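After this come two complexes, each holding chain A, first together with chain B and then together with chain C.
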Partner chain A sequence: MNQAASPNLSEDEKDILQEIMNIAFGNATADLAEVVDIYVMLSIPNIQVIGIGELPSYLKDTIKDDGESSIVEQKFWGNFKGSGLLVFPSGSGKDLLAFLDDKADYTYESNAAATLEKGGLLEIGNILIGACVGKVSELLGTFVTYSPPQVLQGKASDYNYLIEHFDPQQTAIVMKTIFTFKEKDINGFLLILTNHESIDWLQKALHEFMDSYE
Partner chain B sequence: MIFSQMFDMLDVGIMILDSDLKVFKWNRWMATHSKILPEKIVGKSIFEFFPDLNAPWFLRNCKSVFTFGNFAFFSQKLHKYCFPFKAYNTLGSDFEYMQQSCTVGPLRDDNNRINYIYITVQDVTEVAAYEKKLINMNTRDGLTGIFNRRYLETKLEEEFDRHIRYNRPLSLIMLDIDHFKGINDNYGHQAGDFILKSLATLIDERIRVVDIVARYGGEEFCCLLPETTAESALALAEFLRMGVEAEIYHFKDKSIKITISQGVSDLNSNVDTAEMLLKLADDGLYEAKRAGRNKVSMISNKKKES
Partner chain C sequence: MINKILIVDDSPVARRMLKTCIPKDKGYEVFEAGNGQEGFEKYKELKPDIVFMDLTMPVMDGYQATAKIKEFDKEAVVIVTTADIQPKSIASVMELGAFTLLKKPAKAESIQEAISKVEIKLKKLQEK
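Entry: the complex of A and B
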């Protein structure tokens, strides 16, 4: 790893972040079920620090895209800044609509099915990313603002788009969790990418979080 | 206060709702477009005035914002609008209601509890109108108003894949005006254009809504017929042939009669690609021409031995 890349997370800090994510995702799961009737299980998150330059190939390997997975991407910003990336396996769009009991409420003209599926993906994506990022932010004592989510095609140019605003010399923290919808054979994974600018703030927030327990 | 002035000065609808979804604040933009004054709506449930919002999609997203502090986005593409206001910014488009892009976000008190949410409403009618125009230009033939070749080819691929997957019948008709060059030569190009438009209308009126008719080339048209067997497609082609033959086109003081030749193809086990389906219909069309025109023809294809 490039030593010019400024402060990385120490092992301790990674552990704290891991713990925060465990708590956050637990809360998110409970609230999703209770509030919006989305029953989802989230695996214990895995945290990695990756050079930005390696991110596109990491994403390509992780997503193992057959060109048909659906990816919902949403940027968020504030002290805590980055992107949420939700990857659904191919063909799950229709099944996801089953979670939304009001599909008829979407108005559409031509290309109805595709628009509907995309709408379902965007809505579920927006809520899942919002729930997870929101709960992590809350524990870190901050609030974030979200941009509208969008559906990506899984093409190389789209991965590059994701890292456009990152400096290739820098590092990103990648938090990955696998989600499974209960009673539905749908699973995929959620990545939260945060860029370099957040790291200084994140380290401080992690220590403050620990201090509150001491 | 400067800050509270902004609330009313902005050219954006803004409202604040409490956790029971009762209106707490209603800005001037909202009052102007809804014709509901703040004093009438503040303190009342939003559903009293906008009952259509009392639906799972709206409730679910509001709850999510209260719980997670995330944002919810109701895009024009999916929802067209959340608040039915008269469109006034339409640039000659045909939107009856203002097209809107709405965002819902959280507002926190000193203890970081989310007691209120805001909703912003942006008028995007102009953008939606441009988009509609662009889509039209991209998918329609300028002269006849029916679909263009590009659109047909996209739909053909889609329908081909879908019909293969579900093992459903799919047929195609390629048709061409007989001796069209003669019409242009004898009556002029305006008459030719008039014939093209009239024929497009005639076909469009005689096919089902799910069928797609497109102008494929100069005087060549193509009908894509989902869920249609070769037998039905042949019957439709014959129906069109007779319809065209019986029609007399009046252009200025001239009476013009035309006939059409047609080739039919269908999705069978020997057809592996959409191009092949198109090619077979085209072959049928040439066969119909060769056989003397004003005919319908279908080539039964056999897999080439290699």
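Entry: the complex of A and C
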């Protein structure tokens, strides 16, 4: 991790963003609990600022896709612009869907099951990414528009496509939160990536957020 | 009468936000702890009238810390302030004996309302 690539976000700003991410993901899990009877154990979010050029290798190292990972991506636009990635490593996405619908047969052999799996993941991704990004935006006094979520298949080993329109000399903010679905010990994590274009706006918005508490 | 308030949260930003919501004109002494373990130790040392407790924290989480504080002092007033507002989380902390649960981000109105409720409770206890 290149800490030298973080001249644009102070420790205090990272702390503010961490707390905002914490609040936002807490809200997102409550939204999920309204739809499905599941309890999500939360962890403390982690905020990192890294060089855009390092992002693909960071994602590769973080996601550690063994071919069994389930990944949902949703892009968002506005002052706050970037991508949300919901990752269930090592088959835990299938375990989660099997838990949510114990009648479905989530095996690779069945096309119908693959469709069900994709639909279920998109729904969970849409709720968690959408609610989390939406709450971050709300707290920072802006709004975003979303692309439809998509399940990443066959792309997971190469994340270069995520940064193809970005300047590799610039920086990205990575907000990561790990969670566990308690009943089934199913783990996953949510990454919110935002690029250099959002940093100036984000800094101003973070200070305005805290100013409302002074 | 409320004299001492303890804020237990790993986030310095969350502690700062909560502190600004506590009335300044009442003469409350406000103390801080960065995790549940530190919060429990400070509770034993200071015996605060109110504890504002986060749930997701390193070292010792807010569930464990609330349980330990209530075990140490069954009259302890623990107000949980958390982003985790899942129905099962709310039920768990209330079962542990929390006074109430407030959703993050902290809002001056809800913090002050909760403090007023504690004041009423303490007054009633004193009258008994």
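We take it that the second predicted complex is superposed on the first by the 179 of 214 C-alpha atoms of A that agree within 3 Å, B and C clash if a C-alpha of one lies under 4 Å from a C-alpha of the other, contacts with A are read in each partner's own complex, and residues count from 1 in each chain.
In the analysis below, contacts are C-beta pairs under 8 Å (C-beta built on N, C-alpha and C of every residue); 3 or more make two chains touch, one makes a residue touch a chain.
Bear in mind that the values here come from a model prediction, so they are computed numbers and not experimental data.
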Kindly classify A:126 by the partners it touches after superposition: chain B alone (first), chain C alone (second), both, or neither? first
Of the partners chain B and chain C, which touch A:82 in the superposed model: first, second, both, neither? neither
Partner chain(s) touched by A:36 [first = chain B, second = chain C, both, neither]: first
Under the stated touch criterion, which partner chain does A:23 make contact with: chain B (first), chain C (second), both, or neither? second
Dominant toucher of chain A (residue count), chain B or chain C: B
Which partner does A:188 reach: the first (chain B), the second (chain C), both, or neither? neither
Would you sort A:213 into first (chain B), second (chain C), both or neither based on which partner it touches? second
Which superposed partner A:146 touches (first chain B, second chain C, both, neither): first
Taking the stated contact definition, name every residue in chain A that is touched by chain B in one complex and by chain C in the other, in rising order. none
Counting only contacts in the complex, chain C reaches chain A at residues 10-14, 16-17, 20-21, 55-58, 82-89, 104-105
Please give the residue numbers of chain A that touch chain C in the complex, ascending. 12, 15-16, 18-19, 22-27, 29-30, 33, 39-40, 42-44, 139, 210, 213-214
In their shared complex, at which residues does chain B touch chain A? 55-57, 60-61, 63-64, 67-73, 75, 77-80, 103, 105-106, 108, 112
Touch list for chain A against partner chain B, complex: 28, 31, 35-37, 100-102, 105-108, 115, 119, 122-123, 126-127, 129-131, 133-135, 137-138, 143, 145-146, 148-149
